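One chain, chain A, appears in both complexes that follow, with chain B as partner in the first and chain C in the second.
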Partner chain A sequence: MTWISKSITVFGGLLLAHACYSAQEHSALQSLRASTAALTSPSPAVATLPIDIAVETVVATLVILLGLVLNTRPLRPIQWRVWAGKVEREGEEGFIDSSGEVSRDYIGNPFRFLETRPGFIDIRKQRKEFADWVKNGGERLGASAGAGAQ
Partner chain B sequence: MPTERDFQISPVVQDSVVHNSRTLINLQSLTASLFGVGAGILGLESYYGFLFYIICSVLTTLLFYVVRVAPTSIPSGKAAFDTSRYYRSPYEFWTGGLLNGLAGFILTWTLFYGLVRA
Partner chain C sequence: MVPSLLHPPSQLSPAAALQLSQQAPAVLQSSPSTVSASPLSALFRTSETPDLWAKYENLLLSCLRTGDEVAARQCLERLVARFGDDNERVMAFKGLLKEADAQHNGDLDRVLKEYDQILKDNNTNIPITKRRIALLRSMGRVPEAASALVQLLQFSPTDAEAWSELADVYFSQGLYPQAVYALEEALILAPNAWNIHAHLGEMQYMAATATGAAGGSYNKYMAEALKRFTRSIEICDDYLRGYYGLKLVTSRVLKDAVKPTKQADEDEFTLPDTTTVEQLNELATAKLSEIVRHYTAQDLGWRGYDELEVAAARELLSKDGSAIER
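Here is the complex of A and B:
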């Protein structure tokens, strides 16, 4: 997608450069003609731009404008619920730049702290094992540790 | 006008606000210089130059709306020309570009006017 917008912009830039050069040449020619024919015609014609250069300029401006607009980065929703829903649904694919990479300020899932919490532990079983270990005087440490690992 | 309470009920992501307005401002300052080049080549003077700038700037905003805002905003239930999915105030979106790029426009306008009519 990005090469389309880039090539449109470059094409418009070429058109604009050509129009600019044509206009400059035209004005140079006009001033030359005015200086040579100053004696014959007392009021030299005002150097109006030829219509084709004017049209080329406007078209080139619009073409570059189209390329630049297509080259902008995708917007992000500003409401938290809309934005978080988009992150949840699309993940990194929803935040890809116009250059095709995930943008640098992508922070990811705002609820990831909920998804990485530690698993539950059976506190009653551990308490019972500890009581057994205390009752046996702490002798069978290795055995109770083995039982705890089961 | 949204109050403090509205912002607490439906909070706003500041990063997205900054990202969106920076995208729009970048585009507008870039295109304003481009319009200056166009106006200088066309040899526009006084009010016609500013008229050209205003027309082109409005066109830029419209095109930006059509390309970036409308494809996702309208399916999500917003009305046409409603930018509240991506921008906090519609004035910032529709008229902010006129002042953002004016300096760049005048700079390149005068430069290219002088270059072409040397």
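Here is the complex of A and C:
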């Protein structure tokens, strides 16, 4: 889909450039005509842009807009249940932004802290559980995770 | 995927916590050891971000958990250098480090006395109050922890985390009505928390089944649990835990053939009629099997579920399937 929207944007840009060039040429021609006309008759020439150049400019702008709008990423859900369902169903994957990183404002379920309760953590129990995990074959897993981190 | 250091690490698996704490040397090296708080230095150096401090806090917790006390101490030193010794949050972290270091009960008593001393000077220090409660609970003095929690909630009644902790304390003692009440209070403060709705449903289901509660209270708890699970899937599409609970409750209600009793009280929520319960059961089964199928196939957009939860759902479905075959 992206190549369609990108080519639409490029096409709109070409149209706009063409309109600009035409307008510039037209005004150059007008001023030339005015300078030659001034020699023959004293009435000043009215410099108006031809209607086709004006139309081309407007159409080019609209085409560029269309291309840009088509190129945007899908919008985030704004309904609570849809958004919450996305958090549960897709996890981090659903919130990757255009740079390929997990979006900075992604925090998962914002109410998870009510179940994990970081203010009340029992650090001694956590340490003991971790030590048990290491004893029961966690070493191998830990070694591979360490190799991955380095 | 390596978990982010920007979120509190308390729910992570041991392997993930280990991965985090192994990042400690790199993180500590890459960030400056002291950040001056004076406005003059901010003119010349890149300014500090709140992220840095969140990182230090979470790193501290992970390192304490995995027993890497050197790195934990370094994180704490940097926090102290920035925020000072009398910052309430920093005080709580210092206490946490001492708790983790404690070898025997004497050390723990000493830490507890320090907490009491701090609270005597300033009894509105909420982080330290919470640490004291957690320490009491960890030392097995649960009734004291519960009364301290009630006191905390008296002067800070909008703390959803504390209500949730109180519910957990009561629940661990088997005091279901109190636990349900405390969790309902947490829900008042966080009405959109779908996981708390499901958690409350689980508690009520356990209260209904475990105690062998006869007649009225069984019906009441079952109806309430049904209500909570349906609410949790109402505010969160495809919520595995909600559908799991819904299936458990409806299967149980259908099996026991509970008759919906007419309640005199208008406010009381009663069980819906059998056809509605059957429909809910079918819906839950369909949704659960859909989730399990997509997760097993690793379809795009269905990979966010917890593996153990999906395994539990699969087991529940297979149990149900074999019951139908028989």
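In this text, the second predicted complex is superposed on the first by the 82 of 150 C-alpha atoms of A that agree within 3 Å, B and C clash if a C-alpha of one lies under 4 Å from a C-alpha of the other, contacts with A are read in each partner's own complex, and residues count from 1 in each chain.
Rule of thumb we're sticking to: a residue touches a chain if its C-beta (ideal position, glycine included) is under 8 Å from a C-beta of that chain, and two chains touch if they have at least 3 such contacts.
Please read these numbers as outputs of a predicted model, since none were measured by experiment.
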item: Touching partner for A:24 - first (chain B), second (chain C), both, neither; value: first
item: Which partner, chain B or chain C, touches more chain A residues; value: C
item: Which superposed partner A:64 touches (first chain B, second chain C, both, neither); value: first
item: Contacts of A:74 with chain B and chain C, given as first, second, both or neither; value: first
item: First, second, both or neither for A:87, with chain B first and chain C second; value: second
item: Doubly contacted chain A residues - partners chain C and chain B; value: 80-82, 107
item: Contact set on chain C toward chain A in their complex; value: 1-2, 4, 7-8, 10-11, 14-15, 17-19, 22-23, 61, 64-67, 92, 96, 99-100, 102, 127, 130-131, 133-134, 137-138, 160-162, 164-165, 168, 186, 190, 192-196, 199, 234-240, 300-305
item: Chain A residues within the chain C interface of the complex; value: 80-82, 84-94, 102, 107-109, 111-127, 129-131, 133-134, 138, 141-142, 145-146, 148-149
item: Residue numbers on chain B that touch chain A, as the complex places them; value: 10-13, 15-17, 19-20, 23, 26-27, 30-31, 34-35, 37-38, 41-43, 56, 59-60, 63-64, 67-69, 72, 76, 85-88, 112, 115-118
item: Chain A residues touching chain B - in the complex, by the definition given at the top; value: 16, 19-20, 23-24, 27-28, 47, 49, 53-54, 57-58, 60-61, 64-66, 68-70, 72-83, 105, 107
